[in-house]
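As structure tokens, here come the structures.
After this come two complexes, each holding chain A, first together with chain B and then together with chain C.
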Partner chain A sequence: MLMLPEIIVVVTAMAVLVADLFLTERLRMGVTWLSLAGLAVAAGAVFATPMNGSMFGGQFVVDAVGWWFKLFFVISGFFTVLLSMDLLHGRTTCRMRGIGSPGEYYTVLLFTISGMMYLVSARDMVLLYVSLELATIPLFALAAWRREDIRSGEAGLKYVIVGALASAFILYGLGLIYGLTGQISLDAARVLKGSPAFWFAAAMLTAGIGFKLTLVPFHLWAADVFEGAPMPITAYLSVASKGTGLAFMFQLFFRMMGGWVHDWALMIALFAAVTMTLGNCVAIVQHNIKRFMAFSAISHAGVFIMGFLGPHDYGVPAMLFYLLAYIASTLALFAGIVWYSNETGRETIRDYRGLSRTNPLMALAMMLALFSLAGIPPLSGFVGKFFLFSVAAGAGFHWLVGIAAVNSTIALYNYLRIVREMYIEPVHEDGPAAPASWSLSITTAVLTTALVLLGIIPFFYNAINGSTIAWLSAVLPH
Partner chain B sequence: MNPLIAQIAAHSPGLRDWLALTSVIFSIGLYGLLTRRNAVGILMAVELMLNSAAMNFVIFNRFCLPARMDGSVMAIFVIAVAAAEVVVGMAIFVALYRYRGTVDVNQMNTMQDPVISIEGPGDFNREVMKNINKQYKSRHDH
Partner chain C sequence: MNAVFYIAAAVAAVSTIMVVSRSNAVYSLLYLIVSLLSVALIFFVLGAPFIAALEVIIYAGAIMVLFVFTIMMLNLGPQTAEQERKWLSGRAWAGPSILVAILMAEMLYVLWGGDHQVEGRHIVEPKEVSVALYGPYVMIVELSSMLLLGGLVAAYHLGRRVHGDGKEQQP
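So, the complex of A and B:
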């Protein structure tokens, strides 16, 4: 049964919503267990599904790339639930008003995950568009979840307007493609010839993807939405929303307009260069850690799209591997940030001073995650960046690799600012008193181990590479 | 009869006319989105853009492939999804209005790139609320 993982996630979402009605306040933790169990079973179901197959006359297809994307979405959803549970059930030292309703929160979160999973399997415009909206619309509500925080509502407002604008652009582009091919199927567009209408549609779609993936110059919403959203949602936005953007870009640029990937390599390279540079340079001046992570995510979007440059046999596996490394590193870092904000309610970079003395293990985990994001050798972030840079170099974009190398240095400076606060500055007089809760400890331990192992053991990259390359070389024109 | 009116009456709009109409509606929506200050007005402008894109599907279906229903089905889905989008948007705006008393997007400026170092969210919120109250008062004084 190919659709089993999606069905499990949707059924869990419904079950959580119903269970929330019947559970008393004392048993309210049940909804967390239910969502965790549902996502764990869904991850198992993804493993059990074959890497190729189709349903409904080819409208719903699982292939190797989609299979890995689904696994990443379920994993990031699982850890987001672990990050959220302390905050939602009020088990924090710093009481935050206005965040609550765990049942609805998990339902909405599970629906976005199911939308993302349908998105990578879609092979026609109806399913593609509906699942894209299913992945995006619940995120508007999640960003505005803290009703009594003025920044949260404002983040929701900005996200809703920009998200709706992006989907209008995408829809207009899809409509033109439909007019040119006369078919609703995504594969039909592969044979299109270049014409003004086609280029117009491609420009519309690129703008829409740019909004979703926070490419410069479509990135302006990201910093405010990241800052205003509740902390676990910021973590979720920076990994899962990035993954959705990549999956969507893959669907459109590889599946739908696959014959043209070579022609817009230069455009993608320019986007990558500008996005990386601006993201890193603006991150230098940030004080708020959420805004800092927003610009870090923007600069990583620039690194990700280097995977589209080709030669395509190994661009996509490199991108997928870096996505895995990025998910592990970012969520490990966010476990520390969520813990700090739960304990003290503060979220500026200065507040992390002296953390290595008050909580050495958490500081170590955060340092490893930061080094992995910056791309320090044995860690997974370095390996992922190395593969992506070699993809760009193999495609002949040596200037882009140069810019990316300079950017890695700027990024290293940015991330070392936090490490410096944690390890060199004197201890914060009002630091967090309590150690991390078990859920955050598990998240940190698992993800930190993962981000180290992913870099050292080549098994994971080999697995991704082996399963995707056979499929890609059969599909892509050479 | 006036020859112009006769000509218009005899001429039934074709693919080109309909596409021109949808692109004009899309542009009006984009203009509205960029110029409106009230968030509800912006949402209406976005709705125009989405509907013009949905119309594209129906038009192409009607003129290029009248035998199949794909485009019309897509348009129905777009309408449903756009409704969901508006519902979520309005819910957020209502929650925001209750707390801030305005949905004017020009005043949605509590989060900015740093100029001075900010101590913490508590102080930050107080500062920002003071500013908002000042703005609110100055609008209602005169």
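So, the complex of A and C:
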């Protein structure tokens, strides 16, 4: 059963939707348990599926890279549910109006996860496009979930307009490729010769991917959407939406146009340099933590796409490993941010002052996550960045590695701003009163342990590397 | 028969440019209907009469009429009635009418005069469309249905009213 994980996620979504109708207000927590259980079983099912095989006449294929992506999507969905549950069930000190309807929220969230999982397995253009829409259209609604809040509505509207524009670009590009090959299979495009129509299609697809992955200059929507969305959705956007963008880029640039992958290395390197630099430089002047995280996510998009520079049998595992480290670090950090916003309703960086005295453990976890994002050894963020930088150096882009190193320093300054507020500044007179709830505590503990262990124990990188390299060396054009 | 295709394509391009360049929403909608009709004609001459019919029924019919109704119903009152009369003056109809007349002439020509399709095209019957949808492409159909359900659930949440006391009301 290759499709078992997807089916479990979809069935869970339906079950949550139906259960929500019958549960009384007192038992409403049941939908959360159902979602968590469904995602845990789905993660187990991902482990149980083999790393190769195909269904539906080759439309749906599982391979090593897709296998890892699916695991990451399920994990980030699981922790997003844990981050959301306090807010949705009104168990926070600072009540947020208009956020309720947990049943619908989890249903929509689970649908986006299933869309992402179909995306990495799709092997024809129509399925690829429909699953991309399944992964993003419900996200528009999640960004606008707080109906009372005008900023949330603004976030949803901006996301819809930009998302529709990106979809139009992608459709135009896919349409041109279909016109050139006459087939909807992704593999059919591998044999295309360079022609003006092909390059035009490639440019369209690059622009569409740029929107999804927040590459500069297609990043303009990110800060406003991240700021307006409810806090757990901001966390979900910064990990899962980034993962979707990477998976989509992998599908198009690697599988569909794989024969050309060396020709646009320079373009990818330029995108990476501009994206990293702008993301980090603009993050310096941000005061709102959500906008700050948006620019942090933008700069990380620049780091991720270095994995496409090649040599490709090393680039892809390095990218996957960094995605895992990034998911762990970002969600661990967001657990602290969600807790702080749940308790006080405030979200500027200045508000975190003195957190190390009032809540030392949470401050420590947030500091570790920030250091991991900045890339300080021996945390996983450092290891991931190291592999990606060495991929870029191996491809001959030494100038890009130089720019990336400078950017790491700027990023370290940015992340240290928060650490400074937490550890050096005097205690905030009106800080959070209650300690973190059990769900946020578990999230923080598990993810902080993960982000430390991922960097120290080589098993995880070896596992990703070993399974993907064997597959990649079989398919890559030599 | 390729001429029919090119004329219809030109009408589609012109009317779509008019859609995005009009500042008045009602004018844009009139041109959008023309644009969708011309796309339907393109489908027809390419050998897909079933898709052409769907394009007319669903897009040019249901969705566009819904749009026009919504825009007109959002403005109630005597002064907006006056404004609407101004919106739908004779001049507003001129451009779309000319374009539609071209499409109409082409359709009559295709139906009674010339061939039914661009050369070398195989005509896809409704039966073939359904067999394809529920045969090789069944997964795409299922994914689309999930997409629609997800969108429906989200729209239900966003459209629900909230009372002053914070209690949510069923629509």
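Everything that follows uses one rule, which is that the second predicted complex is superposed on the first by the 478 of 478 C-alpha atoms of A that agree within 3 Å, B and C clash if a C-alpha of one lies under 4 Å from a C-alpha of the other, contacts with A are read in each partner's own complex, and residues count from 1 in each chain.
FYI, a contact is a pair of C-beta atoms (placed from the backbone, for glycine too) under 8 Å apart; a residue touches a chain by one contact, two chains touch by 3 or more.
Model, not experiment: these values are computed from the prediction.
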Chain B versus chain C, judged by how many residues of chain A each one touches: B
Touched partner set for A:Gly179, first chain B, second chain C, both or neither: first
Contacts of A:Leu368 with chain B and chain C, given as first, second, both or neither: neither
Which of chain B and chain C A:Ser114 touches, first, second, both or neither: second
Which superposed partner A:Arg291 touches (first chain B, second chain C, both, neither): first
First, second, both or neither for A:Ala141, with chain B first and chain C second: both
First, second, both or neither for A:Leu379, with chain B first and chain C second: neither
First (chain B), second (chain C), both or neither touched by A:Val130: both
First, second, both or neither for A:Val160, with chain B first and chain C second: first
Partner chain(s) touched by A:Gly228 [first = chain B, second = chain C, both, neither]: first
On chain A, the residue positions that both chain B and chain C contact, one per complex: 126, 130, 133, 137-138, 140-141, 144, 147-148, 156
Chain B - residues contacting chain A, complex: 26, 29, 33, 39, 42-43, 46, 49-50, 52-54, 56-57, 59-60, 64-65, 70-71, 73-74, 77-78, 81, 84-85, 88-89, 91-93, 95-96, 99-100, 103, 105, 108, 110-111, 113-114, 117-122, 125, 128-129, 132
Sites on chain C touched by chain A in the complex: 136-140, 143-144, 146-147, 149-151, 153-158, 160, 162, 166, 168
Chain B partner contacts - residues on chain A that touch it in the complex: 125-126, 129-130, 133, 137-138, 140-141, 144, 147-151, 153-158, 160-161, 163-165, 167-168, 171-172, 174-176, 178-179, 182-184, 223-224, 227-228, 282, 285-288, 291, 345-348, 350-351
Complex contacts: residues of chain A adjacent to chain C: 10, 17, 56-57, 59-60, 97-98, 100-101, 104-105, 107-108, 111-112, 114-115, 118, 126-127, 130-131, 133-134, 137-138, 140-142, 144-145, 147-148, 156
